[in-house]
Structures are given as structure tokens and as C-alpha cells.
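See the structures that follow.
Both complexes below contain chain A, partnered by chain B and then by chain C.
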Partner chain A sequence: MRRYIIRKLLLFIPVLLAIATLTFFLIRLAPGGPFDRDKNVPAEVQQSLERYYHLDEPLLKQYFRYLYGVVRFDFGPSFRKPGYTINEWILMRLPVSIELGVYSLIFALLIGLICGTVAAFYQNTWIDTILTSFAALGICIPAFVLGPILVLIFALHWEILPVAGWDFPQQKILPSISLGFMYSAYIARIIRSSIIEVLKQDYIRTAVAKGSSPTRILFIHALKGSLQPLVTFLGPAIAGLLTGSFIVETIFQIPGLGREFVEATFNRDYTMIIAIVLLYAVLILIFNLIVDIIQGYLDPRISYE
Partner chain B sequence: MQVYKHIVIIFILLLSFLSLVSCSFHQTIDNDQLYVGNGAEVQDLDPATVSGVTEHRVLSALFEGLTSLDPKTLQPIPAAAETWEVSNDKTVYTFHLRSNAYWSNGDPVIANDFIYSWKRILSPRLSAEYAYLLFCIKNAKKYYEGQIVNFDEVGAKSLDDHTLQVELEYPTPYFLKMQVHNIWYPIHKDTVEKYGNFDERNNPCTHAGRHTSNGPYHLVEWIPNKIIRVEKNPYYWDKEYVSIPIISFYPIDNQMTEERLFRLGYLDLTSTIPLRKLDYYRINRPQSLLLHPYIGVYYYRLNVKNLPLDNKLVRKALAYSIERSQITEYILKGGERPAFYYVPGGIGSYRSPEKIKYDIEYAKGLLAQAGYPDGKNFPSVEILFNSSEAHKIIAEAIQRMWKKNLNIDVKLLNQDWKVYLSSLNQLDYQIARSAWIADFLDPINFLECFLSYSGNNRTGWVNQQFDNLVESAYKEIDEDKRNQLMFQAEEILLDELPIIPIYFYTWKMLISTRVENLNPNVLGYIHWKELKIKE
Partner chain C sequence: MKFGINKLFSLLPELNLKGRLSLSLLILIILSSFIFPVLLSTSYEEQNLQLGAVKPSLTHWFGTDLLGRDLFIRTLYGIRVSFWVGLCATVVALIIGVTYGSLSGYAGGWLDTWMMYIVDILYTMPFTMFVIILMTFFGRNFYLLFIAIGAVEWLTMARIVRGKVMSIKQQEYIFSAKALGFSNFRILFKHVIPNLMNIVIVYTTLTIPQVILLEAFLSFLGLGVQPPMCSLGVLIREGVEVMEEYPWLIVFPGIIFVFTLLLLNLLGDSLQTVSNEKVG
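Let's turn to the complex of A and B:
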């Protein structure tokens, strides 16, 4: 087990190096630079800007200079936001994105588990039909549609929740739902089909025969047995929730990292782009590793050799 | 049934949690506080290195230049300088600074604070994007380019702590009006040098708790992408006059979110208004809608190096066959004015030549003269615009007008902002959507864009006579003669048409009825210290 983890962690290094290299050269290929503006900057100013950020050096030299910085966890200054370093910027913004991701995950799990379990229990009844269509709907509606609809109903029409912001608990409800809704739909579908499978197992029949209550059978016996496909899904899903919050952050005015990433891409803020890409890559790698480990605990048949 | 019971309980708990916590964007609306939607997040709060409108809005509350503008008349009024004298040849300005002007930490504002700031901006290492606005100071350009090493040779001198003399390269009639631009603001030397080198771009001296400013407000909170809060500067010389104690700027780049917050009363001013909400406000809440002429022009740039646009007759035919009023009345609907000339009205005594007309027959004749009767054999032409809903609708309208009026086919191409800029710079386009918003209140700022050597030209158009006229206007002292020179230059531009003016912008904003004394002007300039909140 330990050897497996160490081997995996060592594999991270070439993967991250490849990602850093690819990102570095790809963004340089994109037309337009960080200092191209609507109002043209005079040539002499443009030159001194490029000199300041070492953009006048040969590309390879810039690449190695950058890698040397990354190894020391120094991502340099932001091209667009000179007042802060990239590290300060990410430290300020990442916690917000994580917080939003965690709330959305809680929402997705809560709704997904309940809906999936109930749908499985009432398989092929009208309850099942309603819940399955609800799940299908959830997968189809993107956050940029759901978010404004929720705002329209809860904030503008009923005025019980705020339109935007990220200071008080009540401001965090609508964004978490908007971001988590799609995942809750996926979870409901996974759990439903998995529980239907488990309910046919012998040990459930034994539990019924012994007189366990339906709630107990469903939430204790069946649910536990059907969690494994969910764990497989949750790895990438958590990474997705943490990194895919750009639209929700924009709609609800949340100072998170997702918004910064897209802004940086539009602005060609080279250092910021690579730093966030690397951070996201690390998050995805780590969550996949955690999923691998948990799966081993849930299913002893999986071997790490 | 037991399953049902559990689920009902969970849902009741969820719903009660939802209803318990209903509240607002900020907890309460404070009568002492102004809430402002400010568009995108600011790049920084260093007046030397920033260049956008969003930054200027905040900086103009924090800092004060030598002079300011009367929001009603847009004439220079005393600010950090109490009085000033101008030499007869209009090249030497002597400013007498207020003896009671202080920084937000209590230090006096002295002449050297201005000189220090300008020296910093003129240091190439700082790479201030607007450094060139300072090139009107004698020898400033030479210093920037390294031809002069000693800053004492640059025309800015401190005669004593409260007397500042500025010698200019040439008479610059807009010199005083330019002082509201953040590039001219002073900076607090000790603060800059405490947190970094004086010519360091990435100087963290702008964070809250460190920031030192000389304007009516000082910075108390800056959480990027969340809030910038400024409070009345207790050391400001005119503090009795400042009415609103606290201003909160919210960086809200989503226009729809901004409008929703305004609708519920959480914002007093917005940065703009979404196009599709204009009708709602016009009908239901006209008192909240601010529409005012603005010194910006929306135009199409033509690449004159490209067939068939190298032909002046073709350019003219295109310009004369656009029904601009259709665009302003049915698409934009925000009070924009059709542009039949290039320099927007409302800038001092200057009046533009109204050369362009909407005349289909004349345009058809020109096209035939150019060798394309009834649009026959007209080469394929493409309109380039940066991805945006409004630009697309306008381009489609113009595409239809040219098809209907001239029988020519035009394609549309949209590109991401930076790709679009790169296409413009490399002249890799045929027709491109463009705009110019003035940096300062003078027609020359519009005309100088099309000097053959200007980086803003981006059309390939070169006209020696135009260059000569604009250059003479730089040096002319007499207002009438100068206006005449600029008029002639604009006539050439409108005759040659490397650009097709389409409409003049309006300043569009939502404003709460509790805000008083805003005095809208063509610069979109808000004089924060004059604003009042109705009790």
C-alpha cells in the first residue's frame, strides 16, 4: 500500500512537468499578449514592459526561468494585477472556491443519495418516474441557466435569499445549489441503479426475513453495499466542483479562483494561467489517488501491486 | 411509510433552514454609505501603473491632482493647487499648493510629491502604460528614452515646498484639464519606498492598511474581487465639504448581477446597464436611469492596404450607405447619436465638419465609379469584431444595409478580445469594429490617433497633410486658429475615410433616487466629494 502511494506520488512529477510545459507553450501560441490593449501602448513603453517581465528573452530561456521558479513554489508576479504575487492571489481566492465546492458536494450528496435511494425503493412506480425525470433534468440544465432561474424565484420574486455575494450563510445557498444540482442528479442515477442491483442480493433477503424495517434495510444495508460506484464517481466530481465553478462564481459575484482562471485566460496573464492549471492538476491527481485508496478499503479484491 | 416519514422530516429541516436565513447582499443599508457597482476588478490602486476606467473611478476618490474639473462646466478648478499662473507663451505653469493639504497619514502634500510621482512614471523600469501623457513636460520623453540621465533637466521644479513649476515642451491648452487623469496624481514617497523599490511595478504598498492618498477619501479595505471600501480622509483639506462618510466599490463584472442588485436596492450606482434592461427602466423607473452624451465614438476601421478598401471611392460608398439612425434608435436605444463626423461634440469650442451623409444614390454612384456598378464583381469583404452580443447585432445590421443599398456581400468574423487586438495590430483584417474614448477633454486626443506614426492608427492610412495639421495644432496657442487646424485635419480624415464613424456613445448608468448632486458630464467623471445621500 505504502509503496503504491509512493509510486503514484513519484508519477505526479513527470505528469505535472508535462502539463506545465504544454501550458507554457500553448498559451504562448495564442495570438495577443498580456499588454495588448485597445489603446495602443507606445513602442518604448511596450519594450520596457517586456523587459520587466523578461518577455524579451528567448522562449526557452523564459521556460527554464519559469520552471526554476515553479520548483521553488514561486510563480512570480501577475502580469495584470501588479499589486499582488500569484501566490498571495491564489491563497486569497482558493479557500473561497473550496468552500463553495464543499457546500455543493454536501448538497449533491444529500439530494442525490435520498433521491436515488427512494427511486430504487419505489422502482417503476410514479415516485420513481418523477425522481428519474428530475435527475435527467438536472443533468441537462447547466449552471448558467439554473443560477439565474433560482435568483429570479428566490431572490427577485420571493426576496427570501440574496442575489449575490459571499459574506453570510444565506448568500451561499443558491450558488451551492446551482453548482451541486447537476452532480446530485448524477449521484441519484448512480445510486438508484446500484441499489436496485444490491436489493436483489441474498443478504438483503435475509434482512427482510429477519424483520428489519424498510428504512433500515434501505439506508443501512443496501446503501452501504452500493457506495462503490459512487466513490469512483466522486473523485473526478470533487475535482470538478473545485475547479469548475467559474460560471457560478460569475453569476453570484463570488471571489473565487474559477473566475480568476477565465479572466486570466482572456487577459493572457501567463503566470496566473500556468499557476492555476498546475494547481488544478494537482487537485485532480490527489483526488484520483484518494479514490484509488478508498476503493481498496471498500473492495478487498482490488490489489495495489 | 417509514421511508416517507424520514424524507419528509429531512425536507422540512432543509426548508426551515432556507426560510430562517433570508437576508441581503450587505446586511443593512446604511445611510452613511454609498454602494457602487464598479465593473471589473481593479488591476491595482497605484495611480502610476493602472490604465482603465474602473481604476480611475476608485482612484479619483482616493487622490487629487493639481487641478480638478467642475462636473457641470468641465472647466479646471483648484484642487491640490490653490492657484496657478501661466506664462504668456503658455509653456510655463506655476502652481501654488495648499498649505493645508495633507496625506491620509497626516504628512503635508508638497511639490516634491508630484515631482517624485512623475519621475517614477518616467522611469522606464516602472513601464507605466500612460507615461506618454507626461511627454508634454519639457525633456520628459528624452528622460524616458534615456537620452537624458539627470532628472533635474526635466521641466518640473519645486521652487519651495508649496510652489511647483512645470515647463512644457509646447503650449498644451488641455494641460490643466488633463490633471484629473490618474497619471498626474502625486504619490507618497515614504509609503512607496517602505514596501519596494521606487520603480518596481509589483509594489505591495497599495494594499489596505498601507495605502496613502491625498484625496477626499482613504482606503480602509480592499479584498480583491469582493470589495474596495474607502472612508472620508480625516486630513483632507476640504473635509467639511465631503458629505458621504463611506463609499463601497463592488467589482461586479456580470452586468445582469449588477442590475439585479440595483433592482433590490443594494447598489446606488452601477457601472453600466444591460442593453435588454433599458426598456424596462425607461418605462418603469425612468428616475433611476442616467443617459448622458459621452466622449466616445464607435467606428469601423478600414484596412486601406487591402483590396478593394484601398480605393477611396469604395470607402466613401460604404460610409455613405449606412443608415446610422436605425442603429441608434432600434438597436442601441440608449440615446446614442448617429456619427456623421469623428470627434464627438461637447468638447469646448470645437465643432466638427459634418461631411458624411446618408445618401444611397450618391454611394451607388461612387461604387460604380470605383468599377463595381451595382456591386458587380465586388471582392469579398469581412467585418471583424470582438465577441460581444452588441457588436454582432450592429455588424449584422450594417451587413444588411450594404446588401440592400449597394448589393455587396459582406461576411462577419468574431474573435476573442486579444486575438482581435493582435489582428488589428498586424493589419490582418479588412473592416474592424473599433472605438475611441477620450483620455482627456480635447479634440486633439481623437485626431492624433490617425497620425501616420501613431500606434493607434492601425489602418495603414498615411497622409502627410493631416500629420502637418495635427502637429501645427500641438504648437498653436490661439484657440480659434487651433480649432481651425483641427477642423481641417478632420476634414481630410472624413474625406479620405480610413474609418467609418457610426455612433457616439452615451454614459449609461443606473442611479438610486437617494443619490443627489451627481451632475453628469461628457467625461463620465464623478466628483465623489460633491455627492450627497438624501436623508
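Let's turn to the complex of A and C:
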């Protein structure tokens, strides 16, 4: 097990190197630069700006200079946020995105688990039909449709929740629901079919035979046995929650990393773009690794060799 | 693709009620997106600045936008563009995925191990971010959009196809073809790939809504289809900007978008059920 984790962690290095290289050359080979939008910049100022950020050096030299920085966790200064280093800026914005992601995940898990379990228990009754239809509809409602419509109803029409912002608890409700909703529908579907599968197993028949109550069978025996597909889903889903926040943070004007990334690409903030891409890549890799490990605990039959 | 179309028609009569219903509604939507603009003799870009944004009425069923353009016609046109992007990008994903997956599965051995290892690595990449970078930095080109989306969506297709090829490879007719001395190329393209079509058709119908979703996501950020053209994502983006004063501009495109995705997903689901029953 330990060997497996170490081997996986070592594999992170070439993957991250590839991502850093790809991103670096992708944004550098494109036309345009970070200081093109500032009009009427005297040539000397432009030159000294480029010298300050080492933009006048050959591309390969810049690449190795950048890689050398990345290895020491130094992502350099931001091109468009004078006075800030990338590290300072990211440390300021990342907690917001993580907070949003965690709330959405809690919402998605809560709704998804309850709906999925109940639907499986009342399989092929009207309760199941309603819940399954709700889930089928839910996977078709992305955050950029749900978010505005929730704002329309709760903020503009009934005026019970704020339109945007990220300072008070009330402001965090609508963004979290918008982001988590689609995932709650996916989770409900996965849990339902997985529990239905598990309920056919022998050990459930044993539990019924020994007289366990239906609630106990459902929530203790069946739910635990059906978590594995959910865990497989959650790895990529957490990555999706992070990137999905691009949209939600834009709609609700939340000062998180997702909105920062979109702005950085529009502004050609080279160092910021690569730093955020790498950060997300690391997060995705780590979540995938955690999923692998948890799966081993849930199903001892999986071998890591 | 002759095989593909034959297979598609052989699957259709066996669709369940849900699948038939959603297929008919989808055909209805696509047909009406071509018929109504002609019938009402307005185009999606015809402006009426004096009119401005008006509420839904009998003359303008979904209302009009700030430039006085009829939202009903624009939504229908948006559906057309979204479907077009969905189809083209899916074809890109299909070509890459089927070729890659069948080569990997057919070759087997170390080549297969490495090709699938590359897919595993690509899976862990933050692809949405790459697509955003690609679209911002290299201009918002319509064809680049297909390629960018197709390049993201082929991974799952490759995995599914590879798994299927592995099982087809063990069939007796492949052994016979080998015994007859056919070249690997001929076996792969004449005997293996045509037998993949069931699974490819099912997965294609499930990919199209994913692509439409991704395109709308990009359009929402202003990176997808560019004005004066419009897709459903563009309409939603335009609607969000003015939803305080003119809520119908977000409500109608939003509902139509969700409904279209729902129909496509239902069709995919029921095709999947049919082809599973056929195999099992």
C-alpha cells in the first residue's frame, strides 16, 4: 500500500511537468502579450516592463527560469497585479473557492444520498418515479442556467436572499446550490442503482432473515456496500466542482480562483494562468489518489500491485 | 459509415416508449427550427430598434431582446447552432476515440498498456482550463471550437471502444479472418470496427449532450460561438446580463436548453438499454 502511494506520487512529477510545459508554450506561442492592452505606453516603458518580467529573453531561457522557480514553489510576480506575487494572490483567493466547493459538495451529498436511498427503497413505486425523474432532469440543469434562475426567483422576485457577494452566510446559499445541484442529481442516480444492485446480494438476505429492521438494512448494510461507485464518481466530480466554480463565481461575483483564472486568461497574466492550472492539476491528482485509496478500504478485493 | 446507419435503424424499432417519445420530440424541435423562421419570415438577426425589448405576446411568442430581435426565432436558430456544434465536435471525438481505442485494443501487449496509460494521464488534466486558454489565446474560431471540444471528449470513447475490441478479438470470426490470411488493417476496418457500431452509436448519443453543455459553458464565458451567430449558450449569457429588467430573455432559452438536453439524455439512456438487452 505504501509502495503504491509512493509510486503514484512519483508519477505526479512527469504529469505536472508535462502540464506546465504545455501551458507555458500554449500561452507563449499565441499572439498578444500582457501589456498590449495598455495604450500609449512609451517604448522605453514597454521595454523596461519587458526586461523586468524577463519577457525580452529567448523563450527557452524564460521556460527554464520559470521551471526553476516552480520547483522552489516560487511562481513569480503577477503581470497584471502590480505589487503582488502569485503566491500571495492565490493564498488570498483559494480559500474562497475551497469554501464554495465544500458547501456545494455537502449539499450534493446530502440531497443525492437521501434521494438515491429513498428511491431505491421504494423501487418502482410513485415515490421512485418522482425522484428518478427529478434526477434525470437535474443532470440537465447546469449551474449557468440554475444560478440565474435562482437569483431571479429568490433575490429579485421574493427578495429573501442577496443577489451576489461572498461576505455573509446568506450570500453563500444560492451559489452553493447552483454549483452542487447537478452533482446531487448524479449522486442520486448512482446511489439508487448501486443500492438496488446491493439489495440483491446474499448478505442482505441474511440480514433480512435475522430480522434486522428495514431502516437498519438500508442505511447500515446496503448504503455502505453501495458507496464504491459513488467514490469513483467523486474523484472527477470534485475536480468538476472546482472548475465549475468558474461560472458560479462569475455569476455571483465571488472573489475566488475560478473567476481569477478567467480574468487572467483575458488579461494574459502568464504567471497567474500557469500557477492556477498547476494548482488545479495537483488538486485533481491528489483527489484521484485519495479515491484509489478509499476504494481499497471499501473493497479489500482490489489489489494495488 | 454505411454500417453505422444500418445499425442505427435496426436499433430504432426496439426503442422503449421513453426513447421513442424523446426521439420524436427531438425531430420535431429540429424540424421546427428550420420551418418556423421561413413561416414567420423573420431572421435571427433582424433588428427592430424602435420596438426594443418587449414581453412575450402573440406576435413575438418569446418576446424580443434589446435590439428588438424576436427571441423565439433566435432560440430556434440557437438550437440549430448548438446541435451543429454538438454533432461536429462529437464526430471529431468519435474519429479520434474509435481509431485510438480500436488500435490500442487490437494491438494489445505493451502498445496497449502505453496507449491506455497516456489516456489515464490525459484524464487527470484540467481540460476545461486548456480549452479556455485555447479559445482566448487563439481567437474564437468556429472550427477551433469543434477541435477543442472533440479533443476533450474522445478519451471516454477510446476507453469504451478498447474494451469492446478486446472482447471482439476473441471471437471466432476474427480467428477465421486471420486463418484466411487477411491483413490486420483489413480485419480491423472490415471486421472489428463495424461490429463496434452498437456501442459507438449509444455512446455518441450520450456524448452529444455533453458537447452541447461544454459549448454552452464556453459561450457563457464569451468564448464559444460569436455574435451575430448565436447558440443556446450565447442566448443564456445575453439573458443573464439583463435579467433584472427583462427576465423572459433568460427564462425561455434556459428552459429550452434544459429540455433539449433532457431529451438527448433520455434517448441515449434508452438506446443504451436496447443495446444492452441485445447483447445480454
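By definition in this document, the second predicted complex is superposed on the first by the 297 of 305 C-alpha atoms of A that agree within 3 Å, B and C clash if a C-alpha of one lies under 4 Å from a C-alpha of the other, contacts with A are read in each partner's own complex, and residues count from 1 in each chain.
Keep this in mind: contacts are C-beta pairs under 8 Å (C-beta built on N, C-alpha and C of every residue); 3 or more make two chains touch, one makes a residue touch a chain.
Because the structure is a prediction, the values reported are computed rather than measured.
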- In the overlay, answer first, second, both or neither for which of chain B and chain C A:V262 touches. second
May I ask you to decide whether A:T250 touches chain B, chain C, both, or neither, giving the answer as first, second, both or neither?
both
| request: Identify the partner contact of A:I141: answer first if only chain B is touched, second if only chain C is, both if each is, neither if none is. | output: second
Look at A:Y280 in the shared chain and tell me whether it touches chain B only, chain C only, both, or neither; answer first, second, both or neither.
-> second
Chosen between chain B and chain C, the partner touching more chain A residues is B
Using the superposition on chain A described above, determine whether A:V151 touches chain B (first), chain C (second), both, or neither. both
- Check whether A:L26 is in contact with chain B, with chain C, with both or with neither, and answer first, second, both or neither. second
Exercise for review: Give one of first, second, both or neither to describe whether A:V15 is in contact with chain B, with chain C, with both, or with none.
Suggested key: second
Practice task
Quick one: classify A:D202 as touching chain B (first), chain C (second), both or neither.
Solution key: neither
According to the stated criteria, A:A239 is in contact with first (chain B), second (chain C), both, or neither; which is it? second
Chain B and chain C footprints on chain A meet at residues 30-32, 148, 151, 156, 250-251, 266, 268
Seen from chain B, its contact residues with chain A in the complex are 2-3, 6-7, 10, 18-19, 21-27, 41, 43-46, 49, 51, 124-125, 127-129, 131-132, 144-145, 201-204, 206-207, 223-226, 250, 252-254, 256-257, 260-261, 263-264, 266, 416-423, 425, 435-436, 439, 454-456, 458
Listed in rising order, chain C residues that touch chain A in their complex are 121, 123-126, 128-130, 132-134, 136-138, 209, 213, 216-217, 220-221, 233, 236-237, 239-240, 243-244, 247, 250-251, 254, 257-259, 261-262, 265-266, 269
Per the touch rule, the chain A residues reaching chain C in their complex are 15, 18-19, 22-23, 26-27, 30-32, 136-137, 139-142, 144-145, 148-149, 151-152, 156, 236, 239, 243, 246-247, 250-251, 261-262, 265-266, 268, 273, 276-277, 280-281, 284-285, 288
Chain A contacts chain B in the complex at 30-33, 35-45, 48-49, 51-52, 77, 80-85, 89, 92-93, 110, 114, 118, 121, 148, 151, 155-156, 159-171, 173, 213-215, 218-219, 250-253, 255, 259-260, 263, 266-268
